[in-house]
Amino acid sequence: MELLIKEIIGKYNYWLYIILMMIGLYAIIAKNNLIKKLVGMNIFQTAIILFYISIGYKKGGTLPIIEIPHGHHTISPESIDISKYINPLPHVLMLTAIVVSVATFGVALAIALKIYKEYNTLEEDEIRMRLRGK
Amino acid sequence: MIDNHVFPILIVITPLVCAFFVMGLYWVDKRLCLPLTILAISISFISSIITLYSVLTSGTIQYKLGGWPPPIGIEYRIDLLNGVILVIISFISLFNLFTSFNQVSHDFPEKKGTFYSLYLLFTTGLLGVVITGDLFNLYVLLEITSLSAYAQIALGDKKRAPFASLNYIFIGVIGASFYLLGVGYIYMMTGSLNMGDVAHLIHNLHHSQAIFVAFIFCIVGVWIKMALFPLHIWLPNAYTYAPTASGRIIAPLMTKVMVYVMIRLMYSVFGIDYLFNTLHISQSIIYLSSAAVLFGGIMALSQDNLKKMFTYIIISEIGYMVGGAWLGNKTGLTGAILHIINDVFMTFALFLSAGNFAWRIKDLSIHNLEDIFQKMPWTSTGFVVVALSIIGIPPTCGFFSKWYLILGAIEAKQYLFIIALILSSLLNIILFFRVFEKSLFSSKPHVMESKETRSYNLIEEAPANMTIGLLVIGAILILIGLYSGKIVSNLILPFIPKGL
Amino acid sequence: MEVVHSIRPIAAILVSVSIIPILISCGKDRPNFREAWTFVAGVLKFLIIVSMVPGVMHGVLYTFNIVHLGPGLDIGFKVDGLGLTFALVASFLWIVTSLYSIGYMRGLDEHSQTRFYSFFASSLCSTIGVAFAANLITLYLFYELLSLSTYPLVVHHQDPEAKISGRKYLIYILTTSIGLVLPAMIICYHLGHTLDFRPGGILMGTGGKTILTILFFMFLFGFAKSAIMPLHSWLPAAMVAPTPVSALLHAVAVVKVGVFSIIRIFTGIYGISLLKSLHLGTAAAYISAFTILVGSLIAMSQDELKRRLAFSTISQLSYIILGISLLTPKGMIGGIIHIVMHAFGKITLFFGAGAIFVATGQKYISKMKGLGKKMPITFLAFFIGSLSVIGLPPTGGFYSKWYLVLGCIDAHKISLLIILLISSFLNALYFLPIVFKGFFSKEDDDVDVSKYKEAPLCCIIPMIITATISVLLFFYQGIFYKLISIGLKL
Amino acid sequence: MYWILDLMILTLVIVCAIGAITIKDLLGTAILFGAYSFMMCLLWAIMGAVDVAFTEASVGAGVSTVFFVAAIFRTTRRTRD
Amino acid sequence: MKKVALIVVILCGAILIHATSEFPKWGEINSPASLHVSPYYIKYSVEQTDVPNIVTSVLADYRGFDTMFETTVIFCAGLACFLLLRIFNDKEEETESIFYRHIPSGIIIEFKNHEVDIRDEDFELIDSKFVPYDLIIKTVCRILIPFIQIFALYVVAHGDFSPGGGFQGGVILGASIILLAISFNLKTAIEKISEKTLGVLSAIGVFIYAGIGCLCLILKGHFLDYGKLAKILPIDPVKARAIGMLGVEIGVAITVMAVMIIIYINIASQGKHQEGL
């Protein structure tokens, strides 16, 4: 029992990301409104970003910005304590991922607008009905 | 290994930079957009040929971006497999420009320039996906490709394309995110993103559950993007309603590049040992791909719209390649790779012919194709050649890839897959001869002048650039078939990893 | 054995395809020019093939390789005695048939004649390709091309009946070739690592008994063009095509391509000793014997002349397979030489049927009473053709039947011998009454025979030629005998 | 003290996510989605990913929401689920 | 659909939870991810690139190629929105009523019958979903916007030393213009920065990025190897890397700004570029 609690607390970020991801996935598949699906899509993507950020975290680490001692211009590699700084690589990757997600979001909204113009609704089943009824 | 070679980077950079130029030029002089696009892709094409040549003469090429050594920075790693596919992608992209410029001016009279910019970005994305040696870089380029594909598809048929495209976005994003998640798991367990480095590090992690999940998510993500059978739902509508000029390039290249990515992940990242000795899923994947082959064929039979029929053929062909790659022997993989090459050309030719028909006939239902052979003889000739290739009649190329696939399946004792392949050929016969019967032999009397047939009688051959394009591709289909022995022994077999 | 690389095989194959563009460009505006070209191509093709006869007689093997596909896989040609025999017959009969089709097509004022001639030419190209194929994959290639190029000929009339027949034709031929031959071929490659036709076969000692047996039946039924029962019903259906097509393709080229492929499987892939050790020859012999009997019986019940001929063809084709499966030298020679004899006999019959159709529009035997008096030449030729198919002297058919009988005796298969004799008797039963009725019956009252006369000259001459040759073959068959024995010894 | 804040944000993230996809008004969805993004950004800031948090604050909570509202303005607030 | 979704979700969740047991603990210092490649960045960032913000140095230099394509993605999104939504000939059927504004007085006239076509200098056709001005918001924003823009420029320029960089700065810069469009109206914003300018800027931004890369290529280095810029700049290679990164960040900022505005104006006005929202 204690182990389980330790496991849950020790990795709570990972549990959170799984929950969020599943919420997003559920929304993409099950929701009927196209905009709701889009929101689900974004939640899904942010969940993955959360996962990456969690990978990079180090307990007791600080921001990945090197502190250069006062009066110095630079700092020698040997004097840097690696465990002091959080892993920067996942951050970089996720910056890219955020940008990708906002780009996709913009394009998807534009397409949703086009759909609304054509069908005057954003409900998927109504659109399908219109398509079939044609 | 050669280092500091300028051509690998030119392949990707030229279309990219020219995409910006084309966008800028759009506001200055719209007439310059097309020539610039052609120039960009030509340079890319030539560079990829040179690159392939140097790969052939001196082995794998490595290009360090930013000058950083691989695990630190991003690298390009070009071996035979992606060398060949690069040449094919840039060729198809270039060729499509010649066959479709009038189509583009017809569809997008005002936004032609920006369309070409998008087209260039799409090409860049595909080339980048193929050339890169970095897992995350692949994701970014995949997104460029997908994003430009979503936009291009949404520009198609006014009524149905946006909806199809939005559905594609939803499912495509799930696919890409799954891939990203898989890469995240790999990164967490190994700490690296470089393919070669990961392949090296993964050796000690064969029994890790996280690596297994990473593998599953990467592969499923790629499958979603390539539309393997149960994950294919986005494909038929999206490709059917895409504008002709883009559909022609998206349909043949997108799925095939994803198959390439799958092969790359399987053989260059996870490794044969992991795939076939640690995991025991190849059997079920072959069942899945057999199902895909059959499902695609059967669904294609039930379609009335010519283009939609072609999209289901793509789904069926995807099954061929996935099955071949998972057979786990040399011949099967050879067949899968050969089929990638062949299928690019076959699908391209299919969509070319559909585009030519659509240029004259608005609604591409099969019954509208009555007697089309008389009206558009050259297009129909091209169409017949492609159809024969898809059925798998020698000496067209489709026969030879099918040959290797079946041979591989026999070696691997996957009898279900053999049956699926053969049944699919038979389904394709019915599929295409149903069209031929309509198009070759009309039951109508020859001279008819009623009101509804008048517009029909006016149908004539599509513009010369489209027709000649189709015929050239038809000839290429036969040439590839005849030289498939050389292709296999020179371009494919050296890539096949040892121990397979 | 001397191997000579020569372009003659490929030239013989390509000469008929190369005229297709000319045919299309002539179109329907210049029909004389168009048909002249067909004729020229036919003659040229025949001459090229004939030019190889002396060489082959002296043991030369003409080869030509187009492209190398992989280890043990080539697309290439090889001219040996068997192939040459078949090619000689097919290409000679093409000349004759071209002449005939000019008369027939113009006589009936058919539509889309350019298409007809073009696909006819490409069919012939594929036929010669099969005859000269050096390995199974080349053979398969041309086999498929032949199926495809005959399809438009079958559907030539474009009416629903023709379309249904066309579908049936395609389904039978392509389904079997892709569904059975293709996998069988690949398994064969998997086992033997090559597909070349080699004397003595390539499969000896490669696979288990079961797999080889299954493979054998896949090949036997896969080449459905040989119309072995139960895969025969495409042949009567294909009779909707214009008569020249039925005559050349569905009595000579297409069906014999099927049989020829099976011969190649027997001699080049399996080899006689392997077949003997697996007892596959006997099995094939009984299957073909069944087809012979049933085919003959069905033929008797047909009233439409072309359908009767079709069923006769089905049964006659199985003679060839029977002869081969006896696996004795005499039986095999008898079988293969039957290709020649039957070709001339049956084409004469078809020409006759076509001539009757052109002259009178009659398709049904029951309505042909008394026609012989008005069309004596046609019916005489028909009579000679019948004799040849039945196997009575003085026609070439006698010769092949004689060898088949000898083969049966050599193989100690008395039951097969009896079947042969019964079937010959049946043949006589369904052919001779036609001629008899034509000459001697009193015409029906409702048919006015007096207005009919002989068919146009273009139809008559080819018929006379083939009938004459049928008779001549009784006396001069030595060249074929020699070619075949050279071919079989390979 | 610190962990209480952490826990609060975690709860809020999930509440916002569920709320955004269940609320029956698209404008509400937009606002809740903005809130979700902002909470997420706080979470990342706590984990030391300041650059990512900065981006998410400006993009997810800022511009995305504006796009979203603009799109709803041009289409409809109505939704059935 | 709901059942399918549940099945998929439960399946995925189960697989993910299953794998979680093997994860290194959250915040583990010795996890493989923290030991293989990232220590290199932390150690050598300052020495090799003279940029203390490791995220920036990795983003713009070590993995600069990714970032170039990330910017391209944004560019692509702008392009896509333009292509999808922009309508040039404004002859689209107006289903409901048409609004005209009398410019001198600001009075708005509504026409139910849409066949009316006023071609008077004093009248202008306006958007059916027109939102009137609000003086307070307008004034506050007018004061605020310059500060926002200055902050944005600071974020871009100071990305080397503190959180932020081209992307964030670009978004804020774009947001300032969007704020202008919201608080005034769309037409005002478009007058300030025209569609053509935006289109060209969005291309120029990425072009700066790719151009710097190509410059390195011309200077006989690898693509994006900023160190080679030292050949034409009067500084040492390490400093040249920092300069290169700054240039790249500026390019990113320009593109992001332009694209954000393009997307906004196209969505907010459905491609007609009237004064919606």
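Each chain gets a letter, A, B, C, D and E, in the order it is written, and its residues are counted from 1.
The working rule: a residue touches a chain if its C-beta (ideal position, glycine included) is under 8 Å from a C-beta of that chain, and two chains touch if they have at least 3 such contacts.
Quick caveat, the model's predicted, so the values are computed rather than measured.
Common neighbours of chain A and chain C (chains touching each): B.
The minimum number of touch steps separating chain A from chain D is 1. Think of each touching pair as a link: the shortest run of links from chain B to chain E has 1 of them.
Among the other chains, the CA centroid farthest from that of chain C is the one of D. Chain pairs B-C and A-E differ in how many C-beta pairs are in contact, and the one with more is A-E. Averaged Cα coordinates give chain A a centre that lies 18 Å from the centre of chain E. Centroid to centroid, with C-alpha atoms defining each point, chain C and chain E lie 74 Å apart. The centroid of the Cα atoms in chain A and the matching centroid in chain B are 29 Å apart. Taking each chain's centre as the average of its CA atoms, chain D and chain E sit 19 Å apart. Residues of chain C in contact with two or more other chains: none. Counting partner chains per residue, chain A has residues 12-13, 25-26, 32, 54-57, 61, 63-64, 89-91, 93, 95-96, 99-100, 102-104, 106-107, 109-114 touching two or more of them. Residue numbers of chain B whose C-beta contacts span two or more other chains: 136, 140, 143, 147, 150-151, 154, 187-188, 193. The full set of touching chain pairs reads A-B, A-D, A-E, B-C, B-E, D-E. Contact residues of chain B toward chain C in the complex are 388, 391-395, 400, 402-403, 406-407, 410-411, 418, 422-423, 425-426, 429-430, 433, 437, 440-443, 446, 482-486, 488-489.
The part of chain B that touches chain A in the complex is made up of residues 136, 140, 143, 147, 150-151, 154, 158-160, 162-163, 165-166, 169-170, 173-174, 177, 180-181, 184, 187-188, 193. On the chain D side of its complex with chain E, the touching residues are 50-51, 53-55, 58-59, 62-63, 66-67, 69-71, 73-74. Partner chain B is touched in their complex by these residues of chain E: 15-16, 18-19, 21-24, 31-38, 40-41, 61-66, 69-70, 72-73, 75-77, 79-80, 82-84, 86, 88, 196, 199-200, 202-204, 206-207, 210-211, 213-214, 217, 221-227. Interface of chain E with chain D (complex): residues 53, 55-56, 59, 129, 163-165, 167-168, 171-172, 174-175, 178, 182, 260, 263-264, 267-270, 276-277.
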